[in-house]
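In what follows, chain A forms one complex with chain B and a second complex with chain C.
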Partner chain A sequence: MGAEHASALEQIGAIARRSIVRTFRQRGLLVFPLLFPLILFAINGSALGAATRIPGFPPVSYRAFALAVPFMQGALFVAVTAGVDLARDIETGFFNRLALTPLRGGALLLGQLGGAFVVACVQAVVYLVVGVASGVGIASGAGGALVLLALSTLIAFGFAGLGTLVALRFGNGEAVQAVFPLFFVSLFLSSMALPRNLIKTPWFHDVATYNPVSYLIEGVRSLIITGWDGQALALGFGFAAALAVISLGASSLAMRSRMART
Partner chain B sequence: MPDEAIVASGLVRQFRKGPRAVDGIDLSVSYGEIYGFLGPNGAGKSTTVHMLTTLLPPTSGHASVAGFDILHQGRQVRTVIGAALQEAALDPILTGREHLLLQATLQGLPKAKRVQRADELLTRVGLTEAADRRISGYSGGMKRRLDLALALVHGPRILFLDEPTTGLDLQSRTALWEEVSRLAREEGITVFLTTQYLEEADALAHRVGIIDHGRIVAEDTPERLKAEIGSPTVEVVPVEHDQAELLRGALEQFGTPVQADGTVTVQLPGGEAQLAELVRALDAASLHVASLTLHQPSLDDVFLAKTGRKLEGAADEKPEEAPADGGRRGRRGR
Partner chain C sequence: MRRFAFVVRGVAWRSIHNTIVSPSIIVPSIVFPLFFFAAFAGGLSKIAQVPNFDYKPGYTAFQFTFVFLQSAAFGGVFTGFAVARDFDSGFARRLLLSAPARGGIIVGYVIGALLRWGITGSVVTLVALASGMNVPAGPGDLFALLALGVLFNLVAALWAVGLAMFLRTEQAGAVIQMPVFVVLFLAPVYVPLHLLTGWVHSVARLNPATFALEAARGLLAGTPTDIALAFGLLGGSIILWAAFARRGLLSAERAAG
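After this line comes the complex of A and B, so read on.
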């Protein structure tokens, strides 16, 4: 038949194409993760405006302050979608079909995340456009907006790695969905709703300080309300990169075990 | 090229906290042969296929496929085999053509040949018109045909088909049988086919291995296996259900009757000629029968003779720990 081994890039491309096609053909996977964070943004933006009168609150509207949150919530949805997709492949035996080809485990993982990556990009653009349309200015300008998109996509990629890790470890979609609330709790236990220096409950302040999600949000938020804040960006990108490296590394190990053909 | 396409010796798979799904299987399959692996659900068929296709390492024993060791040369094994595993694992969101193009890419077919190969296989399995429809709209038979096409994308020399016709209607089943026969006859592809359908093994397989409780209990050509049983059997159903015991007694003069679900079956050592004698015996015992059927020896009789049970219903006794996820838990480290 003249078959030769496909390059890793070709393999990643083929799996990513499938993942993207799947995602875009299931509109519910795109629309609801897009709408839910925007609805929360609209509610919080108008209902929590009084928080801006707390002494020490940044001199911006609460909407501007809260715009970072949809990017995080969208990333969590991307994580669940990526995990459930992979888990479904394991459950239905499609994973075995792939395992019988010369496909490398790493290529499958990266390809699978390709869909997540594209969804994350689309979501980030929509959140940004809606934010600006609702009157939020981007303090860091157009360049900052691009950096914001890059950071939020990196965050989504890292969380998607966690989703695939759970899928590979447990092999079923229910496990991935069961972890989703934990992801959300980590978001609520961060500086999502208030700047950390204004969180007066000691245990909450401590948890938010040690919660890496706070630094991810603050990195995104700094570009919207502060401008170019080197420290916030370094921490944001640093934690996002660490999350991506750790989750993808752990996923690779789990993939090796799951795809342990002889 | 080695003499045998598939050779297994003492193949065992023991699941942790589970049954010994495969319990010392020895078999050899020649090139170009269709080997039917016949047994009820839970007998160990799928586990054996998962081991031979490198998806699951054996707990002990050895096997080679096309001369490559399944444990140490898995990659080489996978390049020469095609497999359609139990339950067509297809993506309902993708179309048939998209499946074939994905498979062709992953199997390393040159770009220029992928579309051509996909078209060729779609034509061969009769899915050209449905090629661009999503799988969610396919019937069971169409899914199975696509599954077969996917297994053939890279032109394998050995094909593993795990219960390829389970759940299909007669027409789809017959169409698939014809294609599998053609593959072996015209293209010389070796086929290792698992089935729980006696007629499928009988119609397709050059040789049949009967597996029960993880062990091969009989193996030969269907003709020789049936000839081993020798004489035909008669199945008698009494009008009154409670007369089955009486019926059994009346038939004891011909052999050892087997009674199941109100039906009494007995082998006629003297062949069809004894049928009149049997009717006279029933008459003498004043037994009225609802039906009386003469069966030429079938693989079901072989199964009954070798295991003491009928193939139909044997599945209920011991479910196989089906490695749908590749049986990742409890695998042997290398």
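After this line comes the complex of A and C, so read on.
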């Protein structure tokens, strides 16, 4: 069937299949993003155990408190993988050749994110299994675990949109890699390590309060240590959805502009 | 000897010149330690209220020592990245063919790492002082702290340069960086050793980085502890990783033909 006759779904499927196959062929790119957050979780979960003795800290182990972090770190790595893959297509000229076909820009964008989406799902399941295996209970139960997977995948999808946006704007993988530290800073300047009410330094508390990443982490964390916290979940899903809509919307515009240039 | 010094000077000059003129190299190596300092000293300062947290100069100074040594280590790691990049671009092969004394290549890169850390370490220290860090240490203690940082930088640089010469590709970045990162974070980063619990405490007790970190904290507090042990371990590590780097150079020489 020619591409001009293929439906949007078929177009997305074809590009997504390629993206998924390519992602899984690059084992180095898969293993590092999967292992790094787990190593940090293992170290910090134990090394920051003393933090549970701070008055006002939630009555849970630090490992349970910290389990939300790997989901966020994994999402950041997904963003880089998605961006670098797309940038490589631009650099090698594959993107230009695709742009000459009747393929729709939206289908190309969503298809390119297929690999990132699958990686995000796999990562989320691995982090959850490792967390539970290390003795962390999910306060919201099995249903909460499913919601956690959905939320973390949505977050990763939103960040992947940022990765593709950078790739489309700059057209090279180095730029995507260079932006990665900024993503990481947003994680460290959040309520990643301590609850916001226990952050003593005023400027840090303010930054963490205005940093949307805090609410993404707190949404995931609430399912693990609190149970069903409507406000935390609404904020978590709200910010994750906003991130996905904004990053994909901006990527879509950037895609249109890049295809026009082609 | 003159030929050796010529190679050392050329490689070191190129290394530091590339660092200074390339924002993509100098900015991350300055920003990373600062960002860790801000995140740890700012975000985790409440940890100083944990019972039995007994570091007198305060949590900012407690975290400064970690970031100070971390910046020293990453000065070496980033130099390893540069070596790997030189192999990818073909420059290292030309260097191996043209250098009259190849041992000077390692020394040149290591001096480049030290100069690179001279920049980042200074910036980190100035920012910590500007943020109001307490420094009860005397001049002798501060000099010893600086010497500790220099040795830490040398250990990391020899590891990173040696491994980069063995692997000879930029893709080795994670392999160079990861062990350093893990060793650093398996030291008492957030709380003193006696407040660590579980497996991290068991590992931290045996981790050489712990001895360097505890010694650095003692020096900054003006109460030196286990200094000889820390310096001895770092000195031994330098000998070990110098031999490793030398073998890396031999491997690169064989590959270059």
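The definition used in the following text is that the second predicted complex is superposed on the first by the 256 of 262 C-alpha atoms of A that agree within 3 Å, B and C clash if a C-alpha of one lies under 4 Å from a C-alpha of the other, contacts with A are read in each partner's own complex, and residues count from 1 in each chain.
The definition used in the following text is that a residue touches a chain if its C-beta (ideal position, glycine included) is under 8 Å from a C-beta of that chain, and two chains touch if they have at least 3 such contacts.
Note that the coordinates shown come from a computational prediction; the quantities given were computed from them, not determined experimentally.
Peer 1: Is A:Leu146 touching the first partner chain B, the second partner chain C, both, or neither of them?
Peer 2: neither
Peer 1: Now for A:Thr201: first (chain B), second (chain C), both, or neither, which partner does it touch?
Peer 2: It touches chain C, and chain B stays clear.
Peer 1: Between chain B (first) and chain C (second), which does A:Leu98 come into contact with in this model arrangement: first, second, both, or neither?
Peer 2: The first partner, chain B, only.
Peer 1: Which holds for A:Val129: it touches chain B only (first), chain C only (second), both, or neither?
Peer 2: In the superposition, A:Val129 touches no partner, neither chain B nor chain C.
Peer 1: Would you sort A:Pro55 into first (chain B), second (chain C), both or neither based on which partner it touches?
Peer 2: A:Pro55 contacts chain C only, not chain B.
Peer 1: A:Ala242 contacts which: chain B (first), chain C (second), both, neither?
Peer 2: neither
Peer 1: With the two structures laid over each other on chain A, which partner does A:Ser46 touch: chain B (first), chain C (second), both, or neither?
Peer 2: After superposing on A, A:Ser46 lies in contact with chain C but is clear of chain B.
Peer 1: By the touch definition at the top of the document, which applies to A:Ala6: first (chain B), second (chain C), both, or neither?
Peer 2: Once the two structures are laid over each other on A, A:Ala6 reaches chain B alone.
Peer 1: Where on chain A do chain B and chain C both make contact?
Peer 2: In chain A, nothing is touched by chain B and also by chain C.
Peer 1: Which residues of chain C touch chain A once you look at their complex with the stated criterion?
Peer 2: The touching residues are 24, 28, 31-32, 35-36, 38-39, 41-47, 49-51, 53, 171, 174, 178, 182, 185-186, 188-191, 195-201, 204.
Peer 1: Over in the complex, which chain A residues touch chain C? Could you list them?
Peer 2: The touching residues are 28, 32, 36, 39-40, 43-44, 46-51, 53-55, 174, 178, 181, 185, 188-189, 192-194, 198-201, 203-204, 208.
Peer 1: Using the touch rule from the top, collect the residues of chain A that touch chain B in their complex.
Peer 2: Residues 1-6, 10-11, 14, 17-18, 21-22, 25-26, 89-103, 171, 257-262 of chain A touch chain B in their complex.
Peer 1: Taking the touch rule as given, give the residues of chain B at its contact with chain A in the complex, in rising order.
Peer 2: Residue list for chain B touching chain A: 53-57, 70-72, 74-75, 77-79, 81, 83, 85-87, 89-91, 93-94, 98, 102-103, 105-110, 113, 117, 134, 150, 153-155, 324-326, 328, 331, 334.
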